[in-house]
Amino acid sequence: MKRDLALLLGILLALLAALLLWALHATLALEPGPRLAELASARLEQTGVSNPVTAVLLNYRAYDTLLELAVLLAALLGIWSLGPAPAGYQRSGPALAALVDWIVPLAILAGGYMLWVGGHAPGGAFQAGALLGAAGVILRLSGEPSAGLPGEPAQRWLVVLGAGVFALVGGGLLASGFGFLTYPPGQAKWLILLIESAATVAIGVTLTAAYVGGRPGSGTAHNGTGQSRTVQR
Amino acid sequence: MSAQFLYGGAGILLFALGLWSLLVHEALLRKLIAINIAGGGVFHVFIAIAYRGDTAPPDPVPHALVLTGIVVAVSATALVLALHRRLEQAEEPAADAEVLSESASASSAAPPPRTPAERTPGTPHPETPHG
Amino acid sequence: MTLIPWLLVAAWVWPLLLAWPVAGQGGSWRASSATDGSVTAAVSSTVPITVPSKAHWRGFLTILGPLPALLAALLLPVGTRLELPWLFLGTALELDPVGQVYLLFTALLWLIASVYSAFSLRTAEHAGRFGALFLLAMAGNLWLIVGQDLFSFYAGFAMMGLASYGLVIHDATPSALRAGKVYLVMALLGEVSLFAALVIIAQQTGSTEPSPDDLTQLTALPIALVLFGLGVKAGLVPLHLWLPLAHPAAPVPASAVLSGTMIKVALLGWLRFLPVGTQALPEWGGLLAAGGLLTLFYALPVGLVQADPKAILAYSSVSKMGLLMLVLGLVLMEPALAPVGVAGIALYAASHALAKGGLFLGVGLRKQAALQPALVQPLVLGGLLFLALALVGAPFTSGAVAKYAVKPVIEAADWPWVAAAVAVSTVGTTLLMGRFLWVSAGTRTHSAPGYLWPGIAWALLIALVALFPFVLGKATSWATNSVAVPLGVVLATLVALAAWRNPDWLKPLIGLIPPGDLIVLSRPVGALVKAFGGWLWRPIGQLAARIAGFAIDRYERVCNEPPGDVERGLRAWSVAGALWIGILALLVVALLSGEPLLDNGEASSDQGGIQADSGRQAEAIANEESSPD
Amino acid sequence: MSQMLSWTALLPGAIVLSSMLPGAFIFLVKEESHVLRGVLNMFGAIIKLVLVGTLIWGVFLGGVFESRLTIAPGLDLVLHADALSVLFVTLSSVLWLVTTVYAIGYLEHSPNRSRFFGFFSLCVSATVGIALAGNLLTFVIFYEILTLATYPLVAHRGTPEATRGAKIYLAYTMGGGVALLVGAVWLRALTGPVDFVEGGVLSGMASTLHPQLIAIFLLLLLGLGVKAALVPLHGWLPQSMVAPAPVSSLLHAVAVVKAGAFGIVRVVYDVYGVDFAAELGLLIILGVWASLTIVYGSVKALTQDGLKTRLAYSTVSQVSYIALGASILGPVATIGGMVHLVHQGIMKITLFFCAGNYAETLGVHKVSQMDGVGRRMPWTTLAFTVGALGMIGIPPIAGFVSKWYLGLGAVEAGQHWVLLVLAASTLLNAGYFLPILYKAWFRPPPDAWPNEHRFESRFETMGALLWPPVITAAFCLIAGLLAAAPFSPLEWATLIARREYGL
Amino acid sequence: MADLLILPVLVPLLGGLLATALPVRSALVGTLAALATSLSGLSITLLVWLHGDLGTVLGGWGVPLGIGLSADGLSAALLAMASLVALAISIYAGSYFAGSAQARHFWPLWLLLWSALNGVFLAADLFNLYVMLELLGLSAAALGALTGKREAIAANLRYLLVGLLGSLTYLLGVALLYTAYGTLDIGLLGERLGPTPIAATALALMVSGLALKTALFPLHFWLPPAHANAPAPVSAALSALVVKASFYLILRLWTELFAPITDIGAATLLGLLGAGAVLWGSWRALRAQRLKLLAAYSTVAQIGYLFLFFPLLASLPPGTARDDLFAACVLMALTHGFAKAGFFLAAGLVQQKAGHDRISELGGVAQRMPATTFSIALAGSALVGLPPSGSFIGKWVLMRGAFETGQWWWLPVTVLGTLLAAAYVFRVLSRAFGLEPTPLQFVTNARTEIPALLLAFASVALLGLAAGPVWAVLGFGAAPA
């Protein structure tokens, strides 16, 4: 029965794909015009950042990004709620340990750069956070049980940092009469930088914690190193 | 505008392939990968329509949307994997098998690298029970 | 004296009020406890008599029952009327001439019977219940005499009917119970048809108190129903079956009243609800007359062969009622005869009531009166002889006066042979009375105490009967029946002598026909009806049972099979996926084929050049051609 | 809400709430606090009686009483008191007071009384709501609330039979309720909001709609027929006799069953208008169906040995008298039908009270056990006799009056066959009531009753159990004897008929 | 005043973050945040009722660029329902999770879910809706798996996958719309959108994606296990609120955004699926052996009822009749929200006390908790659609609409659905009449029973007798009969 069902699905999906293709073709043939591109780039300079994507991400559609951080947090909370973290890996051999000593600080440095360059070139909080996450994963793979993560309370605060700062800035602006996430003309750049850096840290910690895959504070050695300082062996 | 249709069409086909694989294959990890492919397909469509010829810079809005989409996809994948592992730990003989893949042989197919800018660390390797 | 008209109300309400204290006579359910007295005392505070231990005084209350009615009959001038619009459905109590005669003899007979019952049944078991029912019947009887409107008549009729059922089955012997059942069934049938008749009369005449002129508008249906309804009570032959069973079964005072006053009520009903004197009803009158004749002649032979003296008297009542029905039939056929006929009927009814009541009480005394057997019994027999003669209508008796009153109607009847037939019937009745005397003479007496006062009351009744012709009748009337009765007497003595010489000569005849003669037929008829009903009902019953069975097991099968995981199939991803994409496709097709798209669909799909790089490219093109618009 | 709500607008609402609010509080009353519960009950009953008294006086003088609550635009909850509704409201409030007294006595030591009396008051408010309903929507709403409120009462005892009986009861009434709902909505779709107006609303409808109107009538009749226990739909009534006596007396003799009959009367007179209904030939259908029920109910009652089941079947047949009255064209038959609404109520409630007394005091549940009951419990049996004779239609008790008017109305309308039905029913009633009376009065009592327990009361049984049947029996006699007196049920029914026919 | 619109999303988000940060005091933070959020939600509804529709654009960049928030009658009504139901659930959860380790995980996820829910009702931007739906789906799945039991995790895994599939399809639809019309804002799209194939395809994709998430008939397979195995407050939220969000989106897309291209054919397809849902859901509910499974299937059935309104709405020209139908559909959604939440909360109590929720053995427990049984009864009568409840009014208008538009075939479905619903509700209630000893007093545990009772009472009395405000909020005012 499996075979003919799969066949049926294939045919249906082929039809669906054909339909979508035809629809896409019909639309593109209509020359729908520049959509939001000109508008976005026209008002780019008021956004305080020169990279249009970051402008969209953190200014025009800042609300989406805030929620996106919330989604990330939700996923992590889900993972935490499922139970304690599994045991880590064995201690890595000398070669890998040495490699890690080099790679982790390098990743952190690259993350910082990626964060900064986001203002005017492709980059930004998510890419930086991903690099930090990668560092965490490498630490975890190399046998470091806490994957460079601080203790549970600190970890919880860090995880909340990104969305927290974002929401507080928005709330603050709302309270001060500008309207939610409506940056005052001058300080847009600095506010964005503040949000981005908080987000980077938060994303880094979240991705690492997600990779650890369980509730913190369940017996993993607590080495207290802040994410930004390099990790002793 | 044929480039847009070309890449957009490819995105749609990816979406269709992802759907097909999701609906046919039993293994959970294959389903997860299929969903990520389908997601990729949709993002592909977004990026395709952002292309505005070689001269003008591409439309930033779809790019931002795709960025957000990717992060959402990552978190969803992370949660699915965590649920899956928690389910395996529960170890009861899988009564309703159709949801889950063959529990034992979760092959660790590394996810194909996708957008160059992002190296998703999210897929954990099945740890050998340590000590 | 404005109070006097209220006497009419008191006539029938008073016995009702007495019914409850009398009912308590047997002691309430807690015979021993002291509270017994207080309950009943509270109710009948009007009677200050001290409470003896066994509270027999309540038995005597029944005697007080008929007194107001008697006073009303004697004191109230004819025509006193009392309108009570708020009572029941608008009651009108009036004393019309016929009503007055009826009220007189009814009250008299109830008084004497209540004296008899008060003393004879005092120590009997369930005396309280008997007393209460006795009073209820009395109230019903008096109410329908005094009440002129339809409702009062029907209410009295129903109350009397049901209460007398209690009287009939008082002794609770198997025969009494059977008699009671027959009586009740037939009484109810009568009542129901009377109800229908009265409804139609009320509708056709438009008033609840129809005068004879209103009654002329009646159609055939109400008349037939009235005749049938009251015919059952009157004992019209095919409907008389309950009478010979019930009267003997009831205790003596009850059967006296049953035979005496209750069956006469039918005549009163007919007089009130048939257009007597205002409209000629040749066919209905003829039918009634014929029925009367048939009843007259049918009852005599059957009565002769009875063994029980009370059964004989019952059959004699049936035949006498036959005579009255004959007269009424003739009056209906010839309205001119109405005034004479109605007066005659009333008088005849009065005389028969008193005589028949006396005879029944006499039978009771004959059985139980004990005082110095040597002296009392011959007196009782003498009284019985006198009453029998009065019943037959021997000269110088009340019967003669009554027959005289009725004779003009019979002579004036257009069927010449009616007068002769009546004469023959008189002879027959005399024979019947002879048979009765013969049998009652033969009954053994087993004496019981306390029959002094009943004896005195009986004697009073005999005196009244004796006085009857001289008070009411004219001299000429005394001589009627001068031929028929002596002939009957002679015949009777001859037969008596023959029977006395060799008793077994007539032996086979006695008991040939059991009392309630035609009732014997009812058993096979009943079986037939039951069989037919069963035959009709069975298929329907089976069908219903089959349907019900089918529905129940269907429900069982559906509900009890384990729920099972039907959804498992649905949960498989491929199936769910297929369904989902199917819906998606259907939705797209529905939307695309929807009319808003159809009419301006062409503008959107110009065929521009297509480059497709992937393997599906051919299919895409194929799909494009086939696209709906 | 701006205009001052004059008391005429508040009265109907107050009447419904006068039993609903105490009911709601009773739910919260603890089980042991009998006094509080008793006070709440009696308080609600008396207040309701007082309010109903003023309502009677008001409606008699021709006042208009209407409280209107707009649930949603186009959907109004209307409580409108006209002559017909006052008749039913008075009946239910008076009998509710009597039954509450009875219930307090009857459920002396039984569990879950707060729950019982809570739902009991809810039932009465629903019944009063049905009586006062001003339009079809309100009627349907209160009709269903009645179903909901009676379900827990039927299942009150908690025994398997009780739950089974309640389940059957629910199946029937839920089906009926849905049929009524569909009919009501269909009518609403055809003709706009359906207000009850004396003389009917639909007479002016176009003739093309007539087939639909007939279909709607059948649907409504189906829905109402379940509660009015018309033949095929009566199955629930004998089954729900497992309920305690106060429930079967007030609800299955007065409230629930009457709601169905009252509904039929409302639909025939105030929705279709009796002439329009006759024109459509609907009255014939109703008449034949009612007659079938009358005969069927009585025939079935003959064979029942359980006392309450026999009374249940007798209810099935007696309630159809009302439907029969409604189905005969003419004011007299209407009076007959309406007045029987009251008479059947008081007579049947007496019988059920007595049945409850026998069960509670002597443990007698079956007719075969009734030998000599008259000796042991004379007052209760006397009340039973009055009720039974009334049911048979023996004058001067109330039953005769309604039978008389039904007969007269039928003859006036030229439907003589109805007399046949009435005669047959009388005989059959006699057939199943008189044997009971015979056993009770004339048979010697058995040496030991099934489970007799003596109450310390001075009378044959507990005061609270004894007086209600005696009082209602007295009502039967008074309603019969003083039928023609002012403010009697008969006079009020005449008032209704006069207003319905616009005489 | 319009920028108050963000509060219902911002407050729970902040609350969630704080609860994450302070796990020990998460219950206190959670309850306070719940209060604040429901207040903000209700104030938005009040504002909409008094001043009509509200709209604002975040970030001050104007519509095409920035993300708009809008609250019209429909979203205000659902927002009010969500606020009240969620508040009751929060109070209930406060005592339900008291002392258990799950509390620290429950509150953050619950507040995020609530913020996403309010976000969905207030969003006026398609992509923003996608992110909200994802947040909603993720947090719901995570909450569902809170008990850690095997079936719960398997069910929620399936739910998550289904959710992802639905969102991706929705996103593809959004992509196509963006391709064709170059804007993501619903208002602008409404003006630009015309009856073109691309719009039809996009609508089909979006509606089928959302249909997956709102568990319309054949696609309902994931709902029963997910809702039945979740902890009581979570399953109440899932059934009453989460499922409603996707239905709300379908309703808004179908009747407002894509009004020009929706036609009777497609609407009838949805109606048929709804009819299937009513019959299949009710039948499975009748056959369910467990109380919460019964409630879950009843959700499938009730969602079916809501979809019955689509063909009727499609076939009526705009006017009072159509407004009544629309308002009736909203009223049924609200009533189901209250009633189902009340039902699940009460069922949770019964399960907590009895240790299991097999219906056949619930008799004893049901009698020892009269308040809980009473709220199950009230909620049950609202689910069945018996008169005093709002859904009765809804069904009355639905049937009236069916008659007026001549589409009589929806009638037998509604009638059969009502009867089946009555059967399965009273199957549960008949257990409450046994021979158990009389309960001491009406309410045994106030903090959990009162919210359930109030929710059930609201669905019956409040919405039943005072459905007027729903019409007012939707701006239809007191339309003539």
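We call the chains A, B, C, D and E, going by the order they appear; numbering starts again at 1 in every chain.
Simple rule for what comes next: a contact is a pair of C-beta atoms (placed from the backbone, for glycine too) under 8 Å apart; a residue touches a chain by one contact, two chains touch by 3 or more.
This is a predicted model, so every value here is computed, not measured.
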Given chain B and chain D, the chains that contact each of them: C, E
If a chain touches chain C and chain E alike, it appears here: A, B, D
Farthest chain (mean CA position) relative to chain C: A
Centrality ranking, top chain (CA atoms only): D
Result of counting contacting C-beta pairs for A-C and D-E, higher pair: D-E
Centroid spacing, where centroids are CA-atom means, of chain C and chain D in whole angstrom: 32
Between chain C and chain B, distance of the C-alpha-averaged centres to the nearest whole Å: 97
Computed distance of Cα centres, chain D from chain A, in Å: 73
Chain B and chain E: spacing of chain centres that average the CA atoms, whole Å: 29
Interface hub residues of chain A, defined as touching at least two other chains: 5-6, 9, 13-14, 16-17, 19-22, 24-26, 28-30, 34-36, 40, 60-61, 64, 68, 71, 74-75, 78, 82-83
For chain E, residues that touch 2 or more chains besides their own: 127, 131, 134, 138, 141-142, 145, 148, 153, 158, 172, 176, 178-179, 196-198, 201
Every chain pair meeting the contact rule: A-B, A-C, A-E, B-C, B-E, C-D, C-E, D-E
Residues of chain B defined as touching chain E within the complex: 8, 12, 15, 19, 22, 28, 31, 35, 38-39, 42, 45-46, 49, 61-62, 65, 68-69, 72, 75-76, 79-80, 83-84, 86-87, 90, 92, 96, 99-100
Residues of chain E touching chain A in the complex: 3, 6, 10, 13-14, 16-18, 20-21, 23, 56, 58-61, 64-67, 102, 105, 108-109, 112, 115-116, 119, 127-128, 131-132, 134-135, 138-139, 141-142, 145-146, 148, 153, 172, 176, 178-183, 196-198, 201
Touching residues on chain C, where the partner in the complex is chain E: 563, 566-567, 570-571, 576, 579-580, 583-584, 586-588, 590-597, 600-601, 604-605, 629
Complex interface listing, chain D residues touching chain C: 375-378, 389, 393-396, 400-401, 403-404, 407-408, 411-412, 416, 419, 422-423, 426-427, 430, 434, 438, 441-442, 458, 460, 480-486, 490
Touch list for chain A against partner chain C, complex: 2, 5-6, 8-9, 12-19, 21-22, 25-26, 29-30
